[in-house]
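Letters are used for the chains, namely A, B, C and D, taken in the order the chains are written, and counting of residues starts over at 1 for each.
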Amino acid sequence: MTAVLLLSCPDQKGLVARISKYIAEHGGNIIDLDEHVDSDEKLFAIRVAWEMENFSIPANDLESTIFKLTEEINATWKLSFLEERTRIAVFVSKYDHCLQEILWRHKLGEYNAEISVIISNHSDLQQLAEHYSIPFHMFPIDNENRSNQEKLEIELLEKFNIDAIILARYMQILSEDFVNKFHNRIINIHHSFLPAFKGGNPYKQAYDRGVKIIGATSHFVTENLDEGPIIEQDIIRISHKDSIDDLKRKGRDLERLVLARALHHYLQHRVLIMGKKTIIFE
Amino acid sequence: MTAVLLLSCPDQKGLVARISKYIAEHGGNIIDLDEHVDSDEKLFAIRVAWEMENFSIPANDLESTIFKLTEEINATWKLSFLEERTRIAVFVSKYDHCLQEILWRHKLGEYNAEISVIISNHSDLQQLAEHYSIPFHMFPIDNENRSNQEKLEIELLEKFNIDAIILARYMQILSEDFVNKFHNRIINIHHSFLPAFKGGNPYKQAYDRGVKIIGATSHFVTENLDEGPIIEQDIIRISHKDSIDDLKRKGRDLERLVLARALHHYLQHRVLIMGKKTIIFE
Amino acid sequence: MTAVLLLSCPDQKGLVARISKYIAEHGGNIIDLDEHVDSDEKLFAIRVAWEMENFSIPANDLESTIFKLTEEINATWKLSFLEERTRIAVFVSKYDHCLQEILWRHKLGEYNAEISVIISNHSDLQQLAEHYSIPFHMFPIDNENRSNQEKLEIELLEKFNIDAIILARYMQILSEDFVNKFHNRIINIHHSFLPAFKGGNPYKQAYDRGVKIIGATSHFVTENLDEGPIIEQDIIRISHKDSIDDLKRKGRDLERLVLARALHHYLQHRVLIMGKKTIIFE
Amino acid sequence: MTAVLLLSCPDQKGLVARISKYIAEHGGNIIDLDEHVDSDEKLFAIRVAWEMENFSIPANDLESTIFKLTEEINATWKLSFLEERTRIAVFVSKYDHCLQEILWRHKLGEYNAEISVIISNHSDLQQLAEHYSIPFHMFPIDNENRSNQEKLEIELLEKFNIDAIILARYMQILSEDFVNKFHNRIINIHHSFLPAFKGGNPYKQAYDRGVKIIGATSHFVTENLDEGPIIEQDIIRISHKDSIDDLKRKGRDLERLVLARALHHYLQHRVLIMGKKTIIFE
């Protein structure tokens, strides 16, 4: 078994030594360590992974033991085990490309996750969900039932014990309550190179502006639309020959890959949120 | 000698045939033809280049002859000869990288242009100009003298018979009058992936937003800051490890290359402005 | 209906005018024209597309009429109609990613093609073929039956009236006879940046060499393995942290996209083979 | 002052803890630590940087103290101080672009280095060297004097106490003796995407093969031409429209940037050679 600690705290001397010594003294073999110091903010961040074989503290007690260490250095932290699969829910509407990509990669074994449930406001992708044998639940949304439907969704997510939510081109805006309920655990794909072309119809916006490159952005969802910490971005070159439909077609490939990569980082516990930004321990 | 016609007009049947037949019937050999139809706007655009050797109309009369053709189809057009060097003025402030890049490429023979004069509001780059033996004129700008200095600059530009102006990290905003005087003939480099991070300090803005990719944009200058038709853009990947200074360093390489490429397209008469966008006949 | 003519011939004066005049005189509206002159080889190449509505020559007679024109200029050419779907066969072995990508895009309507049959030397992808309701035929290959199986495959391909063959990670080498039978109509995806890492196990080769970038290449199949005309290539950055399995995982994304794009160009009749190279009329 | 230790050794438990504890116990503040375990080769590699302020071992004694630690773990290692400038010699022939790039960046302060001397087999770039006030020495090379000239070059390099040699499009092949003399300290730029197009005239080779992407590679020089450990690579997209001269022009930009980035990594002591590959601690 492999433990992964993601931790950030105010910077001070000797933090790497302290943490690595703690692991070594209990018999853990560090297999990966990467750290970063944000000099502006005087913050320290680290991702360290070690083998639990022969580790003198049992996995079950690890969290409470680490707590002592982290309390002393005033850290925010998250402990995970690579062998424990993250339970995710995928929210979709009508577009299938992002969902298809995630399901296909998951089946190939790329993701250390269990896709517990697919939630949609439409029925279009039910068949795809069934093809991969994933429970599919539909919650149609309109202006009147939104709040109530979200309550039912939350109940369902809790029933499935969901760790993280992936918005795979889900075309509804989640309420602030919902977002706060899953604080820093909702990942979205936006079909533009943020912060350019926030909001609706980014391909149309890009087409009208005459940009020579379009992009896609995967980010955590916060209460401010399209402003959450960015996990991954990528771009593709376009030209005057491309119609809006061409942009959508080319953009689909970006959306799929950018979301897939963001998810890959997240599921390997390589993403640490620091304020309005992320650190990706690649 | 090689003539290049850049032309746009309302779309109608037979335009390619009409134009190419006109050239062929006068004995011209088309060496490059590329066209584009904007279906949304019902507009036709073409770039056609032909050898003037054995062409039955002399170069001097060509403009007036083509005028008849273009009037019939209600076209906007520009005729150039590849062998006639575009006369450009480069505006700079203190940063040398874009100027250096242009001068070096020009010396290598990449640009079909004459760099007639370098204008700056500071003296820092005088020595670089002298090293390449280009006239250097300084017009210090403050809030009171701006309008007057621009008048003097325009006089100088007219004296040098300038065709186009390159803003190579020129840190002043040109007045609307100045911009209109050189309508669609001023090319700027903006150090962001427009329309993201318009205005001042884009690297700081990018750093604060936590983007994973930064960009640079070369565009024509219009009266609305950073909103002119885009000629060329490119990007580079960054990470949390990059400080603002790293962004500036990496961005410098982008700025240089993006401006250099935009200029290359422009000087080969491959850039056609259509409304708020450009067509690049690559 | 839209006709597309792909043509190459020895360069001479007036070719564009001649071809566009021919189209205009018969009432065709050119909607896209792109040409290229290879100065080294003195060859001319053109792709021209025009609307057949109101064209004075019926589609059925077009081929024979154009024949006269092309004979005069000693051209190699191919006439197609965008509305006539190319009939393709996809050859696969065990890897599903390229096939999945093609089937998914086809279903989305990206490809102007009919996927008539899937042929494999293994049964692994039968279910995927059935999910998309495409006939699946298995021809197991070993050293003794190869020649005979290819004969049966050819019979099947002829029965389905196949225009082009896509090798979507098909792990067998086709015989020279087979390749010649479908001369310039077999498209392969090779999982390296050709000509680097020809032959078997390119990811292992790339890993051992310690390259910082890996690639994929889609090309026409010729009798010389991995040496046919290249249609499309792309790359992805890797680092020392990537294992061979990481290379395979990242490479899968490249293979899918590069093959998909090559196929897109091909099905829009944008690919012209000129000697050992291709011209892509983008 | 900041010390940087680059170290590799057979993998074993507790190495990170041991090294970081050693630094912490002597009062050093680790400001950057990155490590890598090559599971195939069972090798451990680390780059760790720490502040020497308040470090209980003086800089002068550090090397001998670390020796004890590294002997125990059977390590290959190199200790540097960021404030001590690496002394480099640049070898050139006639092309100026790589030299120009290095000199310009150096002047901007990007490189933690002293460019002590420029050596060339031609006089073409003498003026450029003088413009930046760097000593320039010419050693014309022909088949007969090669061995003798190399001896004189080595004398000069020793006189200047050179740490590393940059071949900035130096068009001569160095002898095995010369290469061994500066083992793992000679950096070359090759104008292709290695291992494709080794040897002479790679742009011609690329043109003839009809690739859609060209590249450049910076690598350490070993006795086998173009086969040394790769430090950095990058690529640019080309098309059938590009002549060999276009390839050279576009390639120049790649060569400059790839060499510049490789040098940047090297001078920050981020490059560790492990067998035939490099680890770049970015």
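Quick notes on this structure:
Rule of thumb we're sticking to: contacts are C-beta pairs under 8 Å (C-beta built on N, C-alpha and C of every residue); 3 or more make two chains touch, one makes a residue touch a chain.
Computed from a predicted model, the values in this text were never measured in an experiment.
Path length between chain A and chain C in the touching-chain graph (shortest route): 1.
Centroid analysis (C-alpha atoms only) places A farthest from chain B. Chain centres here are Cα means. That of chain C falls 41 Å from that of chain D. Separation between the centroids of chain B and chain C, computed from CA atoms only, is 37 Å.
Across the assembly, chain C contributes residues 241, 282 that each touch 2 or more other chains.
Interface residues of chain B facing chain C in the complex, by the touch rule stated above, are 13-18, 20-21, 23-25, 29-35, 37. The part of chain C that touches chain D in the complex is made up of residues 36, 38-40, 193-197, 208-213, 215, 229-235, 239-241, 243, 274, 276-280, 282.
Interface of chain B with chain D (complex): residues 97, 100, 104, 108, 110, 131, 239, 241, 249, 253, 257, 282.
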